[in-house]
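Have a look at these structures, which come just after this line.
The two complexes that follow have chain A in common; it is paired with chain B in the first and with chain C in the second.
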Partner chain A sequence: MKTESTIQPTSQAALEITDLGVAYESTWVLDHINLTIQQGEFIGIIGPNGAGKSTLLKTVAGLIRPTHGEIHFPTAQGRRHPVGYVPQRFDLDPDLPLRACDLVGLGLDGHRWGFAWPNSQRRRKIEEALAQVDLAGFADHPAGKLSGGQLQRVLIAQALVSDPELLLLDEPLSSLDLASAQTVVDVVHRVSQELSMTVLLVTHDMNPLLSVMDRIIYVVNGQAVIGTVDQVVQKDVLDKLYGYDVEVLRLRGRILVVGDETASGDAAGFDHR
Partner chain B sequence: MAWYQYIWAPGIWGNPAVHTAWTAGTLVALASGAVGVFVVMRGQSFTGHALGDVGTTGAAGAFLAGIGALWGFLAAGAVTGGAVEWLGRRVRERDIATGVVMAFMLGLAALFLYLVSIYTNASNAPMTILFGSLFTVSPSLQPALVALSVAALAILALIYRPLLFSTATPEVARSRGIRVRLVGLAFMLALVIAAEEAALAVGAILSTALLIGPAATAARAARRPATAVLLGAGLAVGNIWLGILLAYDSYWWPPVHTGWPVSFFVTLLSLLMYGVGGLLQRGRRMRALPVPQEGGQ
Partner chain C sequence: MLFPPGLFTLEFMQNAWVAGTAVAIVGGVVGFFVVLRGATFVAHAVPRASFAGAAGAALVGQSSALGLGTFAVLSALGIASISRERRHGVATALILAAALGLGDLFLTIGHVYAPAVFALLFGQIVGISTPDVHAVLIVSAITVVLFAATFRPLLLQTVSPHVAEARGFWTRGLEVWFLLLVSGAAAAMVPVVGALLAFSLMVGPAATGSIIGKSPLKALGWSIVFGVLSLWLSVWLAYLTFWPIGFFVSGFCLLFYAAARLITRP
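Our next item is the complex of A and B:
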């Protein structure tokens, strides 16, 4: 089922997943996943709710231990934590004594003991990372008073400042208004181009990302298919993945996957806007 | 008597009980105020409060066994802190685990205090344990209090960045290789020390006044985490000093010449500082925060 990449064959693999399986209490959330991601690719991880998208991302991030299979980062050269992980949206207390630069600074040296004594080099790195996400003037802004889209971008800066091999984003667009979501997409796309950063982004709606994704990983019921949008989002491919009849509609540059709810019970409980 | 002598009463500095209370109070406040800021940031106020409460059990047990109350406080805190960490491994379970463990520990306290009333004639022991007695803290405890406060502050200083990382963005911290659970456990140790020291100083059920009040005020007022920690410690120390001063002055107040409990003043000041801080905060929020312009360099 795997199809060849649009990326030139000369480029190096940044991520190799071999026969990955993740089980929670004897239920397989992911099973027999085999994927190779090239360096610099922008990958969307797409699928219905509960399909295993976030589990796949968290396993790559090292947050979930695989039940079997292997995950390799060939470009990381033995670096122990080579990914920059941006978690799903969460709310910070508006009165928290924490500024945007504190969050980004933790990405830089939060794993070290003791205090971070202020120095100009550290401050410069933090401000550069914030500028990369279009938040140059926000270093001293209270983190709890950032908008949802701004906090998302600060967390992207927090990931970027550690100079990761891969950038992993878990549902970065959920519960954002359209304009904020577009800004986040633009920022991630620009970063991936400028730094030739490999990006894995989980989303339940592929439409805002159609113009920026190199390939997609379509996850349903713990199974995954990788390829370009045109290769994967096809009726015959998705029918096999879902295990029942779905319709793929292309309307005015948007893609809708319509499932047959009656035949499938709650398995079709996905939502594409 | 000059007017200021109503506040700075003559002879206060020469009073050995005040001296001891001042030293012990300062040591306790430094640890409680600093640790408390992270308690507030991590949403562990309930755990902090419960740790103080269960100190009752330990102190009553220590009284029965004829050992110092401080060791009883610490033992109960260590048992409870360990049980809460073990049972409440998920954030959602933590409050429930804390509540269940606390209820049992307080049940034990009821039993111990009953036994104290049966087998001893120390009628004021329950009062002292529950509501504190900073003026009766034995000077011989000072080396222990120094060691405990230094230990709590040293733990906080050592794990400062991983703790802040685990507190702000726990999943990101874990993806960067930080052992969030272990950091949480180390913090729990510092919290047990701070909470039980506060329980000794101002009473088991009033320890929150020292652990949470100044820290919450500081966390709300400060913008940087380090400033919040320093301010929390500073406010807690100020609270204890002013509390001691007022308690000493209250000797001349009605109804009789006995002096009001220092714990009363500490809790009052804690409430006042939190309230006034809230009002100032609201005033600051009315003046709109300047929002920087978005954009790159």
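Our next item is the complex of A and C:
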């Protein structure tokens, strides 16, 4: 478990969020969020269901318009869509006439006009992206017949191939078995190291990420606290965030937050598999 | 005799071959996204709704092609404006029923000779005039070109709408755009093969192509091949037997799909 951030104070901010608020109708889903993420940081966005963590990620991705506040990408230098977004997993029809390379190709040039005619340069870029997620040789595999973990990694390759400044992943570990989830975590971690990619990853279970996260953003009821795991996942910090008494248990290298209202199994840190 | 005289030489047969081929291509092309998006009900409703436009055109003394096109576009926009994102079912059903009701009203108050309008259900492929063929070719060509130009954004939005949105696409706009392509195909197809066969040609060949072709371009290619093949065989057999062409087109569309399903069954 990392005890302090490995990020050098000299590094540049990749994401600055200032006084962000998101409201649906008259309910504030997020309010007064202020965060600065450094270039190359691996950030876990943790919190119970319905806390607003996916909303936070989607707002950074540009899928949700903030009600107030600013989101700024200092390293993007005016690039219009600097993020690579990996959506929450969806099921594909087994008959879908798409191969893994077609999904990745859509990340490369899906915004362009016309057809994607095969060419060797395009193919090489796609194969490199698949190799980055340990799926070399899967280019021609039918997309609808990939396993859950493989599809998740193809979607990561789809985001990486556009050479983004930030990689945003929405619940990439949900409904994966432990081994597949670990593979996804390893792949994202390696990518973040090799490309010094800034990563924001939403999950309701922080445990698989404890060894790879630089800092976490803990979201409860639309409020967020950022810091290292040891700074944030503390009884006094979480009591304030939840607004009532919780217990933080550290057992055999795992962290459990007990007392969460949704604690029937989905509490942050509960292993419900 | 397998190829009786006149099959390729009579003017109305030449028109049938040309217009039929054009609508088979446009159906196979637009059908690719109809099948990929699971929007078969829309492909059923838009051609049917456009048929009501022909009745309206007859009432006000306009050409039925204009009425068809107008109603195809209006029904597509209607479905887009009142449906929830990507869930067209309820909106499509209500728009379809309302359009058919409107068509009935037009026929009643206009005392239009109904069989001429009802012929649009099964088309009049051997009754198309040469100027009609030109109109069909133009509408088909425009639809296919617009389809080809927007192929990748549509594919991206179909497969993962959130990624498309993160890339800055207005996904709702692409949704409307897809429905407009369906209405373009319907406007080209209904005068030639009728509303029911337009449905068949927009769904069958594309579904077969998606089973056989493993990549988007191959699936699209096969979709066009099966559409054109179904139509050519049908025109030929209808000429031989004097049986209705609708029987053959709908039959081949089903047959090819069933065969592809059974052959590729694991």
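Rule of thumb we're sticking to: the second predicted complex is superposed on the first by the 253 of 273 C-alpha atoms of A that agree within 3 Å, B and C clash if a C-alpha of one lies under 4 Å from a C-alpha of the other, contacts with A are read in each partner's own complex, and residues count from 1 in each chain.
FYI, a residue touches a chain if its C-beta (ideal position, glycine included) is under 8 Å from a C-beta of that chain, and two chains touch if they have at least 3 such contacts.
Please read these numbers as outputs of a predicted model, since none were measured by experiment.
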Problem - chain A as common anchor, with chain B and chain C clashing or fitting - result: clash
Practice task
Check whether A:Ala136 is in contact with chain B, with chain C, with both or with neither, and answer first, second, both or neither.
Solution key: first
Exercise for the section: Determine, under the contact definition given at the top, whether A:Arg80 touches first (chain B), second (chain C), both, or neither. Expected result: both
Exercise for the section: Spot which of chain B and chain C makes contact with more residues of chain A, would you? Expected result: B
Practice task
Could you tell me if A:Thr198 is touching chain B, chain C, both of them or neither one (first, second, both, neither)?
Solution key: neither
Handout entry: First (chain B), second (chain C), both or neither touched by A:Lys145
Key = first
Exercise for the section: Quick one: classify A:Asp95 as touching chain B (first), chain C (second), both or neither. Expected result: both
Practice task
Tell me which partner A:Gly107 touches in the superposition: chain B (first), chain C (second), both or neither.
Solution key: both
Handout entry: First, second, both or neither for A:Leu63, with chain B first and chain C second
Key = both
Problem - chain B and chain C footprints on chain A, overlapping residues - result: 58, 61-63, 80-81, 83, 85, 87, 92, 95-99, 102-103, 106-107, 109-116, 140, 142, 155, 158-159
Fill in the blank from the handout: Residue positions on chain B within touch of chain A in the complex are 37, 41, 157-162, 164-165, 168-169, 171-178, 218-220, 222-228, 281, 289, 291-297
Exercise for the section: Sort out for me which residues of chain A touch chain B in the complex. Expected result: 58, 61-63, 80-81, 83, 85-87, 92-93, 95-99, 102-103, 106-107, 109-116, 128, 131-132, 134-138, 140-143, 145, 150, 155, 158-159, 162
Handout entry: In the complex, chain C residues that touch chain A
Key = 36, 148-153, 155-156, 159-160, 162-169, 209-211, 213-219
Problem - Interfacial residue positions of chain A with respect to chain C in the complex - result: 58, 61-63, 80-81, 83, 85, 87, 90, 92, 95-99, 102-103, 106-107, 109-117, 140, 142, 155, 158-159
